[in-house]
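Think of it as A, B, C, D, E and F in the order they're written, each chain with its own count starting at 1.
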Amino acid sequence: MEHLLHLLSQFIANTGYYMLDYRYLTMLCVGCIFIYLGIAKKYEPLLLVPIGFGILMGNIPVFQGLGLAIYEDNSVLHYLYMGVTLGIYPPLIFLGIGAMTDFSTMLARPLLMLLGAAAQMGIFLTFLGALALGFDPKEAASIGIIGGADGPTAIFLTAQLAPALIGPIAVAAYSYMALVPVIQPPIMKLLTTKKERLIRMEEPREVSKKEKILFPIVGFLLCCLLAPAALPLLGMLFFGNLLKECVVAERLAVAARNAVIDTVTILLGITVGASTQADVFLTKESVGIFALGAVAFAVATASGLIFAKIMNLFLKNKINPLLGAAGVSAVPDSARVVQHVGHEEDPTNFLLMHAMAPNVSGVIGSAIGAGVLWSFMMR
Amino acid sequence: MEHLLHLLSQFIANTGYYMLDYRYLTMLCVGCIFIYLGIAKKYEPLLLVPIGFGILMGNIPVFQGLGLAIYEDNSVLHYLYMGVTLGIYPPLIFLGIGAMTDFSTMLARPLLMLLGAAAQMGIFLTFLGALALGFDPKEAASIGIIGGADGPTAIFLTAQLAPALIGPIAVAAYSYMALVPVIQPPIMKLLTTKKERLIRMEEPREVSKKEKILFPIVGFLLCCLLAPAALPLLGMLFFGNLLKECVVAERLAVAARNAVIDTVTILLGITVGASTQADVFLTKESVGIFALGAVAFAVATASGLIFAKIMNLFLKNKINPLLGAAGVSAVPDSARVVQHVGHEEDPTNFLLMHAMAPNVSGVIGSAIGAGVLWSFMMR
Amino acid sequence: MEHLLHLLSQFIANTGYYMLDYRYLTMLCVGCIFIYLGIAKKYEPLLLVPIGFGILMGNIPVFQGLGLAIYEDNSVLHYLYMGVTLGIYPPLIFLGIGAMTDFSTMLARPLLMLLGAAAQMGIFLTFLGALALGFDPKEAASIGIIGGADGPTAIFLTAQLAPALIGPIAVAAYSYMALVPVIQPPIMKLLTTKKERLIRMEEPREVSKKEKILFPIVGFLLCCLLAPAALPLLGMLFFGNLLKECVVAERLAVAARNAVIDTVTILLGITVGASTQADVFLTKESVGIFALGAVAFAVATASGLIFAKIMNLFLKNKINPLLGAAGVSAVPDSARVVQHVGHEEDPTNFLLMHAMAPNVSGVIGSAIGAGVLWSFMMR
Amino acid sequence: MTGLEAIEAHNGWSIAVVGISIVFTGLVLLSATIAQLHKILALFEKKDSFQERLRQDPEREKKEEPPILLPADIRESARHFRLLATQTGDVFPLPKLLDYAVKRGLYRPHSALNELLRAKAIVPDGNGYYKWNKNVSC
Amino acid sequence: MTGLEAIEAHNGWSIAVVGISIVFTGLVLLSATIAQLHKILALFEKKDSFQERLRQDPEREKKEEPPILLPADIRESARHFRLLATQTGDVFPLPKLLDYAVKRGLYRPHSALNELLRAKAIVPDGNGYYKWNKNVSC
Amino acid sequence: MTGLEAIEAHNGWSIAVVGISIVFTGLVLLSATIAQLHKILALFEKKDSFQERLRQDPEREKKEEPPILLPADIRESARHFRLLATQTGDVFPLPKLLDYAVKRGLYRPHSALNELLRAKAIVPDGNGYYKWNKNVSC
């Protein structure tokens, strides 16, 4: 009987109810908000729902020893999280993205790729900002990559350079990606004139099957010979795209863009979410990361817009500078935002298709940027 | 020539034909029986066929050194078996189950969940029985969980507490789950009167989409705050269910309930089967485990039935006590058995839908039970 | 500013463009040829496209330290390559092949299985040839298995016996498998008379469902009791086939022959391709391996043909000796070549179906051969 | 050690009693919460639907637009596009529709689509996607 | 070391001879067994079908039930449910059918289904699933 | 250390400038190459199509074969097989077709198929697969 009471009191002392404090409660609320935004607002639900539930799973306060928490090295969450820390999940996601992405609008209008390059200014300016706030270079590089607006790339680089920050950086990156429809429009309206927003783009030329097949091979060689450190991400992206375009390996492309990417998305989402365990997440640093992340998105958007305006100084056929905002990857949300803002001015102006070009080149751009930062930091 | 004969004789001495003894033969027969029951009798074929073939694969007598047997640490079977021993497969299966399960009947009639709790008495009484037979507490807990009638839960707990017993406990659990249509009916008829078996349940109310979406979140928080050790299993179960119900992440739910669960089922089945290698399986202990397993199922069934009768003492709208038998998880077989036995008395009495409520709550119940035992044993 | 120039020059010195030399260029060309053959010529595209792109990925010259190259032990490619080196991918591919293969023509005409045995002479004669060229026994065995004309088997055995040779042996095996339509026809015409090529096969009897279900069980027991070392490959092959034939586990068979095999094919192809990194691949040994590989395929083809002619000396119903060439696995290409060559002589002679029997038994034969070599070499 | 002695030595009774109690606590808790859940939801919904009614009324009048009749020359392509749109769902991204149109070999897909947009036969749904204007007959 | 010398030094000949012999043994064994397999199965089946005929004969008469005519008021819902059942396969679990019925907005799905059960228009298949009674015309 | 001092201490400016330059270099390179790609391809294709025209002309006359009328007794099975072939795609392996035929319970599938082959109603496509002869009417 005595032992029974002892056991009971010990059990109660180990329940989550007993151990719950304001920090865990905060994070549980954050998790619920993520899930709410994903489901009710339909902001990137494929990412926010798994990450949100992962936040819940990571913030049930658990006693140490059994291997329940993601940071205990014999827990299931820990094993699944190894796909993040070893950098395996992001390339597999890029494989699937490659097998889903149609690069034809970009191939039809290669000039628009420059907008995808310009938007990467966000990465490097944020890097400087993070240094200025006192983060060490590796952390600063990881924070900068939030400006790439590309979840897997951010996670991949952070896992290599500053694994302790995976949680806040991934959450910041995905939060702002989900909030792209909120963040970008004001900046876009501020930096463009009504006349600019009314510019119409001419219809892109048709792209042949051969071009589409050659592109991933040529693109891979050009980019990875330049920035070998982008190889894990870009190699898989272009490989997936080759599987898609070559037709003869269709069943592999199907596997890549269904079973592989969906399974990895589940595992990445849930573990990245769980890595936000309150005691490692709720720090002063996280606040800094979130602030810098917002700056990164704003700077990236502005850079793309301004660069488009600069290009227009030299071009005969003017580009609608709104397209510059689509350079911040966040596929396909930022392209959709461009369509939206353009549409407000002129309901018959159809920019979505054109915006896909800077959008997908922004993915390539931020992967190169990540590769460059990685190679600079590891010396 | 001399070497040729030497090589030949050595080869012959290493063939399975030469090394076969009665123990391996016994196990090969057991494997064939599993396959037979799965294919010809259609008892849980998705489990019995892989496990049965796994038993065959684990009981080809092999020479040591090459890395062929599951217990050699450089064999392929060993690597695949790590998903079992590290506890990775069961949560992934729960993810898939969550993405398949419709909890609406349970939501419509939360009272029936208590039957799913009552049936877990089987776990704890069997635990006591196993202690009494001389098993040490960790082994006893693993044996007790057979009474949870839930394969992945049993495997998960045993992998944590008594990895050496995974083979017999998994085989016992799945055997009795397959035999539910044989084990349960006599107990059900013995413990209920004809009048009780004729009780009709009223139609459940309709459950709204919002309830279904909120349930996995609320259920997760309530259960895992109470019993954090149930987190790996229940977390994934409720996560899978959220993916299913939220609609916006449908493609992830599809991946979870197809590619993920089917692949893991294959790997879990074949390796759990192979873990029954004759020399570690055919022991006195295994006999004890099988005997206790049968007791566990019987006790669980009886507990559910009797608890339903007790509840009827207090309820105005009586419950058909047969539903109590569905509390022993074994989804959906035990629910089908309830339908069957009820149907024998009154062919117009349709209990299947109602039986799903205790059935799925039995899954939650045994996961909590497993969590509790795990946390008690690891102190 | 000074640091800027330093950084830039250092970066340039680390680009692939700078580090590229004739060896990497050679391999990049080889990769492109693989991709070209796969896409434009449709030679085994599911293998050549991933391997070809893998060759590209493995031959971007990268600086050491970051973990980019497949032979650095902290690279993503390295982690994915572990599926090859630990021998995990090939059995999973065999699982999928089993779940796709219809053994009925073989069951209807078991005599034709002997042709699948005869073609394995290629393995052992090439083994002798490799010894004679000065390879050590383990390497020689790995080279010999190229004659089995079965990619996963070759990779599996080489991973066990001579992991350093995985690249060249896999590339040789897949190259010659893709070139089967080029290699086999001249040998087939040389070794058979027109009269023999005109022989018609009688229609096979119908095979019952029960036979098809029993075959994988019986086949597994007979083969693996004889050659236990063939267990990882044959166990999975027969298990996959049981899943396919038993009908009740259809969803598992679907997973095995879609999600599992396609995902593994992608990962195996890309990593095996990447393992051909120029500095380990472009060696004198690789030349020897390619020369011996060609011999292996020729010998295997010839052995099958000649054995068929020998069988005809004893048979009343003569076999079309072209079927012997189908014994070299390379499913289903070599069977298609048989159909083709037979069709040239007599457009109404339909050999494809019959050729599937030696074809699939050739898979079993080379797996046994691999098992035997493995067990001989590891003493 | 076996029998009751073993059970007592390992605190079997306490473990079993506490264990089953926790399982019951968990499911009773869940059961009770679920039983309240739909009542709470119903409260919220009543409030929501009330507010919505307030908001919707003025909007409703705005929405009643007169049916549009397309000019004859684009009615044909409207019919074709509408057929395609059945395959893309009620709400569709324009590039997808265009892609289908190109694949089916429709005549001048880009400009046809443009005309439909200008004629408001295809209208934005407000989320970057597009839908058919229900007031258009073709 | 190369050439024949190397082969002999590593016992190449023995390995090759024993190796190919084992491959042949394996496939001959399998071939011979398969050749017998269908004969053995045929024997078993003959026995089985003989026993079955013995068993079936008395049963067959039992099974011929008179065709059932449904009352007019539920014939309508029977038709609806039967339509739904085409999507669930010949044999279906009741909850699934009910689920379909609810989704299609059938009138009073629960009680309609109940009536069909009572009228034996839908009958259990003996495995916990249900099927349509083939003697019912609707 | 914070502020500009920290940036300078860690060579932040150089890294940022070199970094963004490389990103631009990469995408400019890619952009320029792609812009040329389709021109190069067009050149190749022009050459190819010219050669092809040279080659094709004499072949074209060869290809015009007279339409074949099948004998009445196999026209029936031709129709059945053609129906099956719609499910296997334009080009199909014979075993698959045969398999379908067996499953659908066609009369004497093996010999019917054989007759169709002999009558050249089904012809090889040159890659080990088969297709229907378009000159055959049935």
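Assume a residue touches a chain if its C-beta (ideal position, glycine included) is under 8 Å from a C-beta of that chain, and two chains touch if they have at least 3 such contacts.
The model shown is predicted, which means the values in this text are computed figures rather than measured ones.
Participant: Expressed in steps between touching chains, what is the minimal separation of chain A and chain F?
Facilitator: Graph distance in the chain contact network comes out at 1.
Participant: Which chains, if any, touch chain A and chain D both?
Facilitator: Common neighbours, chain A/chain D: B.
Participant: Which chain has its C-alpha centroid farthest away from the centroid of chain F?
Facilitator: Of all the other chains, the one whose centre lies farthest from chain F is B.
Participant: Select the chain at the greatest separation from chain C, using centres from the mean of Cα atoms.
Facilitator: D
Participant: Using mean CA coordinates as chain centres, what's the chain A-chain B distance in Å?
Facilitator: Their C-alpha centroids are separated by 39 Å.
Participant: Report the inter-centroid distance (CA atoms only) between chain C and chain E in whole Å.
Facilitator: So the centroids are 35 Å from each other.
Participant: Quick one: which residues in chain F touch 2 or more of the other chains?
Facilitator: 13, 15, 17-18, 22
Participant: Give the residues of chain B that touch two or more other chains, as numbers and ranges in rising order.
Facilitator: If we look for residues of chain B contacting two or more partner chains, we find 7, 11, 42, 226-227, 259, 372, 376.
Participant: Can you give me every chain pair that touches, using the contact definition above?
Facilitator: Pairs flagged as touching, ordered by label: A-B, A-C, A-D, A-F, B-C, B-D, B-E, C-E, C-F.
Participant: Spell out the residues on chain B that touch chain C in their complex, using ranges where they run on.
Facilitator: So the residues of chain B touching chain C come out as 7, 10-11, 14-17, 20, 28, 32, 35, 38-39, 42, 45-46, 49-50, 53, 56-57, 60-63, 65-68, 74-77, 79-80, 258-259, 262-263, 265-266, 270.
Participant: Spell out the residues on chain A that touch chain C in their complex, using ranges where they run on.
Facilitator: That would be residues 86-88, 91, 95, 160, 213, 217, 220-221, 224-229, 231-232, 235, 238-239, 242-243, 246, 248-249, 251-252, 254-256, 259-260, 372, 374-376, 378-379 of chain A.
Participant: Which residues, counting only chain D, touch chain A once they are in their complex?
Facilitator: For this pair, the touching residues of chain D are 11, 13-15, 17-18, 21-22, 93-95, 98, 110, 113-114, 117-118, 124, 127-128.
Participant: Contact residues on chain D for chain B in the complex?
Facilitator: Chain D residues touching chain B: 1-4, 6-7, 10, 12-13, 15-16, 18-20, 22-35, 37-38, 41, 45.
Participant: Can you list the chain C residues touching chain E in their complex?
Facilitator: 106-107, 110-111, 113-114, 116-118, 120-121, 123-125, 127-128, 131-134, 136-137, 140, 207-208, 210-211, 214-215, 218-219, 222-223, 226-227, 361, 364-365, 368-369, 372-373, 376
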